[in-house]
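The structure appears right after this line, and notes come after that.
Each chain carries a letter (A, B, C, D and E) given by its place in the written order, and its residues are counted from 1.
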C-alpha cells in the first residue's frame, strides 16, 4: 500500500540514455502500466524502482521516504521478472517460500502461506516440481506467487505475459486485474503490448526513447493522445496519420490535404495556413456510398483500398488517401476488395490534430465568444517533465 | 511455384509424438498458415518440410516429386527462421548473398541480385551494417531478403513476427501479404498468433497436439470451427462455451442450460435429450434491455458481469452465465460494470453446437422434408486423418 | 644368470671403413667444462680415427640430475631396437647392465689381452679401479670417472668455531663434536653426510656401513644385510649426528648449495662436486678443504667408489670395434690429462699426478686430489643389487635410512622391516 | 543470433556499473581489494623471484636478498653464449604453434560433430575423448616413443608434435562453445546450400573466433611450457627453449644463474602474449559460458 | 466450402537403392569429423593403453632380449600387497583434498570478491593470479626451491619458522600441494569467472528483492547455480591432481622425503621407469585408469543429482 514518486529519474549507459529525466507519481493502489516500444527504457525504469540498477540522476520516494540509496531488500517491493527468474535449483514450493525464509519467518508460517498462495493460483499440484518441469504459463504463475506470498507495498511486473500464447495471455490478464482489485496494492506493470495496457491499467504511462510521452487513464491515452507517437503507438491498427493544412474556407476552418477535406467548425482566421498532422482512428472512418451525393459541409476523404485484413469479427481495409495509408475498420464483411475506390467520412470531433514539428497534440480551445482556436496543449500531463 | 503434398507425416521424439500422421495438400501459390498453441508441432512440421528433421513416417512431395530423402540444400525451399538466424559475422549484403555464393553463382550475379532484393525490401541503406546494428524489423527484412534472393519454389516462415512489437508486427504483416500477392509463391507460415493467421492466410491449418484439427479459409475456420478446440482457440476473446442439452419443447427443439434457453428451429424429436456444448462468439451476443419483456421464442441468456475490459475501440464484458464464462463484445462504452446483471440474446444461427465427447462440430442438416436433424459432421476436413 | 657368454670377437676395422657410433654420457650436455672437454676430446678422436664418427648425447628424461636417467634412457632406446653404442653407466647398475641391458663382455669382444693391455698402456690404471667393471670374472665396463667420498669442510667456519682447520675430524665422534661446535658457535649448520637420502644413492652409505664392518648385501649377493647389527649401528650413528644437532636435516641439493654458500661446516660428498664448491668458495670468500672418510673409532675406513664405467652395447661388430677404440681413447692418458685438468676429476691412471709431463702441476695446485688418491688403496667397490628390481631394493633401503636418520624412526625396526620387504625382490626369492 | 545477442547483453549487465543499489559499499570494496591484492602479490612473487635471481651477479646467485643488487646481466650473457636463443625461440614457436593449431583443429572438428549431429554411439565416443584424462602419461610414454622411432621422427620437432595433436581439453571446451552456438544458424546455412564442411568454415568458425583465439592461446601456452615429452624425444639436441634449461642442469648441480635467465626468457613471450591479449582471452573464454 | 482435395493414398514406395546409399553416406558424416581426433587418440593413447593392459599380465623388463613371462594376475596381487601402494593411494587422497581449496574454494572466493572491486584493478588482480599458469613447471619448481630454503628462504623468513619444507614429510606434502595449487589457480579462476558470468543477474536481483542478504544470495542462489562449474573443477582436480603435481615432485622431492610425496602417479612412474618392473608398472597403470574411471563415473553420476542447470 504505497505511493511511489519519481523525480527527474535518469539512467545512462555510456552514450545511451535509457531513461531520460522521468517524473512520475504513482498513487497508492494504482495499477500503472508502463507502455512503450522495445528498448524505450521500461525495464530500466522498473529496475531502478526495484533498486537493481542505480540511477544516474534523480530520486525515488516510497510513501514520501527517499529510497534512492536503499538496497533492494530493504524496499518493500516485490518484482516479477520478464524472465521470471525462478530459482532453477529450488522446487516450486521453495521458490514461493523464498522471500519468507530470507526474512527468517518461522517454518510453519512459511509452509502455510506458501500453501495458501499456491491454492489461490492453482499451483497445488506443482509444488514439488522444479521450474524446468513447468510450462511457460505455470512458471509465470509461480513467479507471481513468489511476489504475492509476502504482501509487499507494491508490485513491479516486467512483461510477465510476454512469453504466453494468446489464450493463456488473455486468461492471465484477467487474473491479474482481479488480483489488483482484491488486494488494492500498487502495481507497476511493464509491457509493450497495448491490449495488455488498455485492459489492465488504471493509468498508463507511455515511454518513448527514455522520455515520458503521456500519462493518463486508458481512455485518455486512447482518446486524446498527447503526441503523434502515442497516437501511432496505440490502437490496432494504428491511427491513420496524414499531413494537412488548416485553411479558412468560406468563413469556416477546414483541414485540407490531397483528397481530404474536413471542416473544423467555427471560424478563427488566426490558425489559417497552419500545417498540421491529421489523425483518424480506423473505427472512426465511415464508408460513404460512392453513389450518394456528399453532404455539404461533411468531412470527406477519397482513396483506394490496398488490402483488406480479416480480423475474425471485423475487417480492416487499408486505404491509400493521397500518399498516406488510412486503415478503416468495420464489422465483417465490409464489402470491399483491394483496388476499390472508397469515399470516407468522419465526425470532425473525432479528428486529432498534431503539430508537425513537435509532434504534440493540438487542442481546440473551447470556443469562447463564438470562436474556436487551436493551440498546442498537453492535456492531463501535469506529471510530464517540461522538456 | 510449387505444390506441397504431405502424406501421413509423423514425427516422434522418444515418447512424445510431436507430429501425428498429418495429411495436407498445399496448392501452388497458397499462403498456408499453420496455427496452433505452443508445443503443438508447428515447428516440427515445418522443419520436416525443410528437411531439417527427418520424419518418423510418411512422405513429402514437392510438385509430385518425393523429396522425403532429399537433403535440405537440394529442396527448392527457402526458410525464414523464428530467430532470423542471420549470420552475425557477415554484413547485410553478404547475408543476403549467402545462398547464391553457396551455390557458386558468379560474383556479378550475386551482387546484382542482392541489390535488387535489397531495393525491393528497402534495405539499400543497410547493406554494410552487421545484424547487431539492426532493429528487429530490419533484421526480419534481411532474413526475408535472404530467402527471396534465390527465388525458391516455396517459402517456409517460422513465426517470423513473434519477436516484434505490435506496431512493427502489423506493418510487417501487411508487407508479407503484399509480397505473397506479388510473387505468387507458395508460403507456409507458422504462428501461434491468430490475428496473424486470420489476416494473412489464404488457408489456415489448425494443429493441436500434433494432429490436424481443421483446414480451411480464415472465414471457414472462424465461422464454422470444426471442433471445440478450434472454436476456443480462435477469436479474441475466445468463443464462450457452455454445456447444454437439446430438448423438445412445445414442438420445437431448444438448447437448454441453467439460465439459457435458445431455440434451434424446426422440430426433430430424434435429437431431443442430446447433451451438447454450446458456443457463442462474443460479438454475436447482444444486450437486451433488462426492462424490456423478452420476445417470445427469442434466445435468452441471463448472467452477471464479472469484469469489463477496455480494448480501445470496444469493450469486452466477461459474464457469468450458469457456471460458464461468456464474453460479450460491443462498441465502447458498453455501459456495464462488474456486478451488473445482464440479459443477452443471440441469433440462433450464430450458435455453434459441439459433441461433448468427441469435441467435433455438430451440423444441422439442411431441413429436408420439414425436419432439421443434428449430426456429427466434419466439414472440409477430408484431409483430417481418421483417428 | 649371466647371459651372452659367447660373444663373437669384433674384427678390426678395415682401413677406410666408415663407422658412426653414438655415445651416451650423463656428463654430456651441461653447458660448461664437461661439454667443452668432451667436445674437444671427440674432436681429437675424430682426427685420430677419421673413419669413425661419434655422436654424443645425454640420457633422455627429465630429472634435474641426468645421472638418474641413465638406465631408463638406455632401456627405452633398447625397446626401439637402437641402443647407444657406448654408454656411461653407474657401477650401481652393473648387474642390470650386464644381465639385462646386454652390455658386451669386452674380454670376448676384443680379447682379455687387449683389455689388460689398455690398463697398462702408459701410466697404468689404479689396481683397485681395474676390476670395478667386472662381473663374474669378465670385464664388461672400463671404469671412466669415479670418486671416493671426501669430507669437504669450510676452513673459515672451523676457525670461527675455534676449531683448527689443519686437523679436520677423522672419526665420526670428532665429526659430531665439531659439527655441534660449529652449529653452536656460528649459527650455521655443522656436518652433512650425503649418504642418507634416496637421491644420494647408496655408494657412500655402503662406505659408512663397511667402515663399521657391515655390508648392505652379502658377498654372494643373495642376502640383504643392511638390517644386521653393524649396519644398524652405523645408521644409528648417522641418526645421532642429526638428533644431537651436529647435522642439519637437508636434502642433498640444499646441503650442496648451503655448503657452496658457506652455510655448512662439513659435507661428505663426491669429489665430482669439487668444482661447484670451489666456485662457491671463491664467490663466498671462504676456504675449501677436504679430508678422507671419517672412521668408526678403532675400525679401518673402507671408502667405496661412486662413478661410472663405459660399456659397449652395440650388437654390430664394426660398431663394437669402433666403440672399443673410443673407450680406449677416453681412458687414455691424453684424455685423463684433459679431464682432470679441465674438469677436476680424478685421473684413474694415478701415476699421471706425479708425471711432470702429465698432471703434476695440476695436482700441486689441487691438493684435494690427494685425499682421493690415498683412499684408492683401501677402496672397495660399490656393490650393485641383483635382479630386475635392484633399484626398488636400493631405494627401499635408502628410504628406510632416510626415515631413521632424518625423521627419527627407530633404526632396527625400520631397517628390518625394509630388509624383510626387499628380500622378496631378490632374484633368488630371498 | 538471438542467443548471441542475449549473451552479450548478459555480459554487459554483469559490468560493475550495473549492480543493485547498496551492494557497493566502501568497506566491501576495501576488503575485496585487500584480499585480491594479497593473493595477486602472493601469486606473482615467485615470478618476481625468478627474474630477480636471473639478474643477480654469478657470485650472488645463492643470495636470498629480496632485491637483486647489484644488477648483473651476466647470467643472460652466459645463457646467450651457450644457447642459440634465437633458434630455440623459433623452434619453440613452431612447435607450440603446430601443437596448438593441431589441437584446435581436431578439437573443433570433433566438437562440431558432437554438437551438430545426433549419431549412434555419440556419448560413448565423447567418453572416449574425456577418458584420455584417465590415461597417465607414463602409460603412453614408452609405446609412443617406440612408435616414433619406427616412424623415424625421433629427435625432430615432428616427433614432439605428432602425439600431441589431439587433447581432451580442447574437445571438451570447444564442444561447450559449439553447443552454445544457435542451431538455427547451422540449419540456415544448410538450407542456403552449404555443405557441413563449408558451414563449419563460413559460419561456425568466424563466429567462434574469440573463443577459438582464447582457447588457442591457452593451448599454445601449454605447448610452449611442455617439457617432459620434448625431453624424451629431443634427446640429442636441446631444440626447444624449455630444454635449454637442461643445459644448465647436471650431475654437479645446477647452473642457476643462466638457468633462471633461460627460464625467464622462456616465460617472457607467453607473459607478454598474455598481458597484451588478456582481455580477449578472458572474454573469449568467459563468453563461451563454460559451465 | 472448399472442395476437398482428394489424395489418392498410395502405398509409400520403399526408398531406392541410391537413396539408401546416399542416406548411409550422410550418416557417416559426423564420424568423419571425429575421425582425426579419434585416430590420433587411438594411436597415441589407446594403443599404448591396450599394450599396457596386456603387459600387466606379464613379468618383463621391456627389453627385447628378455622373454616375457606370463604370470596371470600375479602383478596385481603383488601390487595390492605392497604397502607403498596403499600409502600412495592415501597420499593421493591427501593431495586431492589439499588441492581442492586451490581449485574450488579460492577461485570461488576470487570470483565473488572480484565483483566488489571495479574497473582496472580487477583486471590486474586477475592477471597476477593467472600469471603462474604461464610459467613452465620446471622453472617454477626451481624458483620455489629458493623460496623454500630452510635457512633463509623467503617463506621461512616471512613465517618466522625454520621448517625444512622439502625434507620433512608433512611440510613436503604441503609444499607440493601449495606449489601445484599456485600453478593451477589461475585456470580455475578463469573457469569460475566463466561460470559466474553464465548465471543471469536476475536471480541475484530477484533474491535481493525477496529480502535475501548478500550472504544468503551467495549461499542460496549463486553457489547452487554454480554447482555444474564446481563439479567440473572437482572432477578435474580428482583426475588431474596427480598429473599436475608430477613435474614438481619429480623436480623438488623425487617422491621423498622417504616416499612422503609419492602418490600413485609417481609410484607408477617409479615402477615403470626406475624399477624396470614393466609388468608391475603396467598393472599399476591399469588400476590407475580403472580406479579413476570409476571415481569419475561416480562423480558424474553424483553431480547429476546435485547440480542444477540454469536453463
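Note that in this section a residue touches a chain if its C-beta (ideal position, glycine included) is under 8 Å from a C-beta of that chain, and two chains touch if they have at least 3 such contacts.
Bear in mind the structure is a predicted one, so any value in this text is a computation, not a measurement.
Counting hops only between chains that touch, chain B reaches chain C in a minimum of 2. If you take chain B and chain E together, the chains in touch with both are A, D.
Grouping the chains by touch while chain E is set aside gives one piece. Which two chains touch most often is answered by the contact tally, and the pair is D-E.
Chain A and chain D have Cα centroids lying 54 Å from one another.
Centre to centre, using the average C-alpha position, chain C and chain D are separated by 41 Å. A separation of 55 Å divides the Cα centre of chain A from that of chain E. Inter-chain spacing, taken between the CA centroids of chain A and chain C, is 93 Å. Counting partner chains per residue, chain E has residues 62, 138, 149, 200, 205, 208, 247, 273, 309-310 touching two or more of them.
Counting partners per residue, chain C has 62, 64, 79, 81, 253 as the residues that reach two or more other chains.
Contacts with at least two other chains are made by residues 71 of chain B. Across the complex, chain A meets chain E through its residues 47, 50-52, 71-73, 75, 77-79, 81, 83, 85, 87-89, 98-99, 102-103, 130, 132, 146, 150. Across the interface of their complex, chain E is touched by residues 10-11, 13-14, 16-17, 19-20, 23-24, 28-29, 31-33, 35-37, 39-41, 43-47, 49-50, 53, 64, 66, 105-107, 109-110, 112-114, 116-117, 119, 122, 125, 128-129, 131-144, 147, 162-163, 165-166, 171, 196, 221, 224-225, 227-228, 242, 245, 254, 256, 259-260, 263, 266-267, 270-271, 274-275, 278-279, 282, 285-291 of chain D.
Listing the residues of chain B that touch chain A in their complex gives 37-39, 136, 165-168, 170, 173-174, 177-178, 192-195, 198-199, 218-219, 222, 232-238, 281-283, 307, 309-313, 318, 329, 331.
Interface residues of chain D, counted against chain C in their complex, comprise 58-62, 78, 82-83, 142, 145-146, 149-150, 154, 227-228, 231-233, 235-236, 238, 246-255, 258. Here chain D touches chain B in the complex through residues 1-5, 8, 182, 184-185, 187-195, 198, 203, 206-207, 209, going by the rule given at the top.
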